[in-house]
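Since the structure comes first, as structure tokens, the remarks are kept for the end.
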Amino acid sequence: MVSFVDETAGMYAQPTQLIRHEQVAPGYHLLEFDCPQIAAAARPGQFVHIRVTSSWEPLLRRPFSVMGTNKEEGSFQVLMRTVGEGTQILAEAQSGTEFNIMGPLGNGFALPGPEGEVILVAGGIGVAPLIFLATALHEPNNYRYVRGLFGARTEDDLCCWLEFSGACDEFNGITEDGSVGEQGLVTDFLPPQLERGAGCLYACGPALMLAEVAKQCQDAEIPCYVSVEQQMGCGVGACLGCVIPIHASGTQRYQRVCKDGPVFDAQIVDWEAIRRGCTPG
Amino acid sequence: MAAPQVDLSVELAGLSLANPVLVASGTFGYGTEYADLVNISRLGGICTKTVTLEPRAGNPPPRICETPAGMLNAIGLQNPGVDVFISEKMPALRELGVPIIVNIAGESVADYVSLAERLSDCADIAALELNLSCPNVKRGGMEFGIRSELTKQVVAAVREVTKLPLIAKLSPNVTNIVGIGEAARDGGADALSLINTLLAMSIDIDRCRPLLANVTGGLSGPAIRPVAVRMVWEVAQAVDLPIIGMGGITSAADALEFIMAGATAVAVGTANFVEPTVAERIINDLESFCQQTGVAHVADLIGAAHSSSDAGGLP
Amino acid sequence: MAAPQVDLSVELAGLSLANPVLVASGTFGYGTEYADLVNISRLGGICTKTVTLEPRAGNPPPRICETPAGMLNAIGLQNPGVDVFISEKMPALRELGVPIIVNIAGESVADYVSLAERLSDCADIAALELNLSCPNVKRGGMEFGIRSELTKQVVAAVREVTKLPLIAKLSPNVTNIVGIGEAARDGGADALSLINTLLAMSIDIDRCRPLLANVTGGLSGPAIRPVAVRMVWEVAQAVDLPIIGMGGITSAADALEFIMAGATAVAVGTANFVEPTVAERIINDLESFCQQTGVAHVADLIGAAHSSSDAGGLP
Amino acid sequence: MVSFVDETAGMYAQPTQLIRHEQVAPGYHLLEFDCPQIAAAARPGQFVHIRVTSSWEPLLRRPFSVMGTNKEEGSFQVLMRTVGEGTQILAEAQSGTEFNIMGPLGNGFALPGPEGEVILVAGGIGVAPLIFLATALHEPNNYRYVRGLFGARTEDDLCCWLEFSGACDEFNGITEDGSVGEQGLVTDFLPPQLERGAGCLYACGPALMLAEVAKQCQDAEIPCYVSVEQQMGCGVGACLGCVIPIHASGTQRYQRVCKDGPVFDAQIVDWEAIRRGCTPG
């Protein structure tokens, strides 16, 4: 499978200006950064690694998927959910503030094969890279018929669903509390989609959602690619901090999310180990 | 007036380093990961990620987490093994044109000896760094570095099979760091690296369990700098070996603390993750510091803070 | 719906504490310094500044400096001596209406014994905390806490002369904290406090000398929390004594890390300097945490993180 | 000697708004905070302890002398020189920002006796508490004839000299580089002042300046009070971190700057020990 990513393209680390900042829902922020290099190089599924302060506390950079690029303006967007200290700093940043940003990082999504329709399954903030992917799949030279599913807890968390649905040919919005769209879990609405058949499925969201999506795709024999998250140190493959367990024998047991991912073929991921890690006890 | 020339070079265990700023083992991969971002030829040298005799898968995730001014890691020495290291990693490392210090660890004295033997036959290795201090593996690792008898034994055994300069990397998780440093010297080490990470842990209170799958991990970053400086200070006073100081270095000022405490060189670790070009910046700023303070040779600052200490001061 | 009642009380070495949040020795003076700012009657208890047999002048300044997410101190146990403590400090302490834990240190076993004897005759002392771990004095202090034989000897000697609950405060500057905890238990301690500060130092690069007049000092504050949690975890697993956990606590979340790691109570130290009402805030937030998570008794959380640890997780 | 300070007045620790912020010279900032309690309670020579961040890095509060109060507005002022991380944060703060401030702290200046004129000697940023003192000494009920000396490195460092001179009856400005006023060290210009006699002298500035002032006063037998600085932890007397050496035997060797000071009778201070501490070697 071919990748959107030009493997020879470099990565950058530089002071970058926040040029637009909009709170799009309670706890959700759309951030746009001025950085022609990253805007030109970034492909769907890649991420940026943002240093949220110029001091050394909080220490580590924070990773965020690229949600879209504006090549004319030389800017790119990130959709961020406020979680802890780092995202709080970004949430309070005024436009005009500079942040040192590394990117684009990671492998990005592989291009789907020419056969069949494409299903995108987003859970919560996982919609961000899928918006970028859906947009790319509607560019003339990559054109595919795209069916989007987007599940979240509440209406607020179904954040940027308009952007997502606008880039899909079909769209299904689902909330756990039924406050908008259909009620339930996004994975409840996947079986009919898989029965209709598809060339390929891409998913991004909470780990347990991805595990369920992967299982359904395996049963339906539909290729499935997932973008996963993990605590990161370096973001460039040097520290081996960000691994996930892989179905492989012995010493090949782990792969790096930052470099070998964040997109993985769902078949190679050891979902059983991930499930164990996600639930206490 | 042109700025005066400053000599940044230092001699360490028979190596001539263009400057005293290295990157620390496990924080710079195998040299190539940062190639897009860093002018690697400026570095004083690279300590590579610990390599073991056999390939190792490492620990399950989560392997890292953030702490106040620091981070925990429990990588568990994931590495492809020495054979793959020599065949696949060394060719690129060798191209970088800076001294390559290969860091090794074993589960037994025999492991260290075999590693040293194989690496001694490999061209372009500047020195071996013996990791006696990894807190994140079940067997070997820190075991060696917290007992002076074992420290001496490992170093002495490796000393017999290699002519490469030997650097013993010590664990800070000990009552008496000087005793361990002396043991490494007695075993025949040419230099000491200190410190490795402090054994530590965090708990995820929402899930009521350790944050790292390995339960404990190693604390690194600015948080540990004062402990590291103290250990360098103590060992420099007592053990007549050059020291590579590390632990939380983020700036030339930090590096100078280690040098004035007695380190001949320093290594930058965790800070690479945050600012990949940090080592270059430190090298430039060290040069400026020497220019501004009229220090002709950075080596003149090694241990310089030992000569004076008086009392009663106001800030 | 009314919030469910939460029982915050804990039992520790025979003491009943209204809640598990104490203030740590040396960081809250003799209880009166913060009286204007803090509702002291809310505290679980107060550990007083170390008192010695004779008055002590302490170390020359500078005695403290800031470090990343932490600070160094080398106070050197300045105190007015036990007689003045009893006659001038205890009367006000006693008025505060919370358990007073008196922290003592000596240069010899005999010193500890005399101190314990005199304080046993003084009314309204809830417990004695034996400081076996001060890194900032030349004689005594940490000496006792880094050798298990001495630890046991001091505790046993004091045990013989007092009925007061005995809390041994351990030094983190050791290879094997469990061994020291076992020694304190074998000597007859009723509880353990851990940790005291990490031995550390900073260098003033502009003056090319140690920042503290005492050269080295003790590192405290958020920076050391992961080390402290690890030590509480290890000791809780191995030694069947209640633990007062401390080291960098600034919030209920931090306190819960210690409690889930196995501490029965916690002490807030350095954070008092920054936010004098921090202990009150922690008590309130502990209560809310229990309410929100349906924990009826905070004591149910002691050591709760030991029961589970599985691998493979994503965040 | 009586103190300006009402010993029964409490101290406060509370969120306080920066209501005015002016860079008065390169590296010097005049900060005004809205805090009626501190404005009402603060006396010359007392200080406030400012938490510069809501995170725990930088960890410790920063101490600053009160330069003046505005009782009607319920505000007080601080004159700050930018030194390191903490003062940098304050230097960049916009008015409207909240800081948690403890104060007023310390003993403050004792009132001068009724006899003789008063000399004030300021070195650099040490002018701040002396502006407050000079102002108080011109209030009708405390009125004294005040002769002010103010030395600094350059014109820029002779910051707020107008405010200071305006509150003095006589004024002498001195710079080391002669860029404004007389050239030299402030202590070079002290001997004639002492020869003229005075009831009392108050000084604040670098430790070595204070040592020299103390020596000259001792020789001239003029009572001398100095406000000194030291690294601080708690600011309230609890940690014993902020001591200076005192002429006293054995166990009384050190006193706390935050609680026993920051103003000390220069005679009891062990200047020899301080000199040794100030110079390397």
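Chains: A, B, C and D, in written order; residue numbering restarts at 1 for each.
Quick note on the criterion: a contact is a pair of C-beta atoms (placed from the backbone, for glycine too) under 8 Å apart; a residue touches a chain by one contact, two chains touch by 3 or more.
Since we're looking at a predicted model, the values are computed, not measured.
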Walk from chain A over to chain D along touching chains and report the minimum step count. 1
Taking each chain's centre as the mean of its CA atoms, chain A sits from chain B at a distance in Å of 36
Using Cα averages as centroids, what's the distance between chain A and chain C in whole Å? 45
Listing for chain A: what residues touch at least two other chains? 56-57, 230-231, 244-245, 273, 277, 280
By the touch definition above, chain B meets two or more other chains at residues 60-62, 68-70, 208-209, 213, 221-222, 308, 310-315
Graph of touching chains, which shape: line, ring, star, complete, other? complete
Mind pulling up the chain A residues that touch chain B in the complex? 10-13, 51, 56-61, 100, 102, 230-245, 250-254, 259, 273, 277, 280
Looking at the complex, which residues from chain D come into contact with chain B? 56-57, 207, 228-231, 244-245, 270, 272-281
Across the complex, what residues on chain C touch chain B? 59-62, 67-70, 72, 146, 173-175, 198-203, 205, 208-210, 213, 215-216, 219, 221-227, 229-230, 233, 248, 253, 256-257, 260-261, 289, 301, 304-305, 308-315
Please name which positions on chain B make contact with chain A in the complex. 26-29, 33-34, 36-37, 49, 54-58, 60-66, 68-71, 73, 75, 78, 80-81, 207-209, 213, 221-222, 250, 270-277
Within their complex, chain A touches chain D through residues 55-57, 85
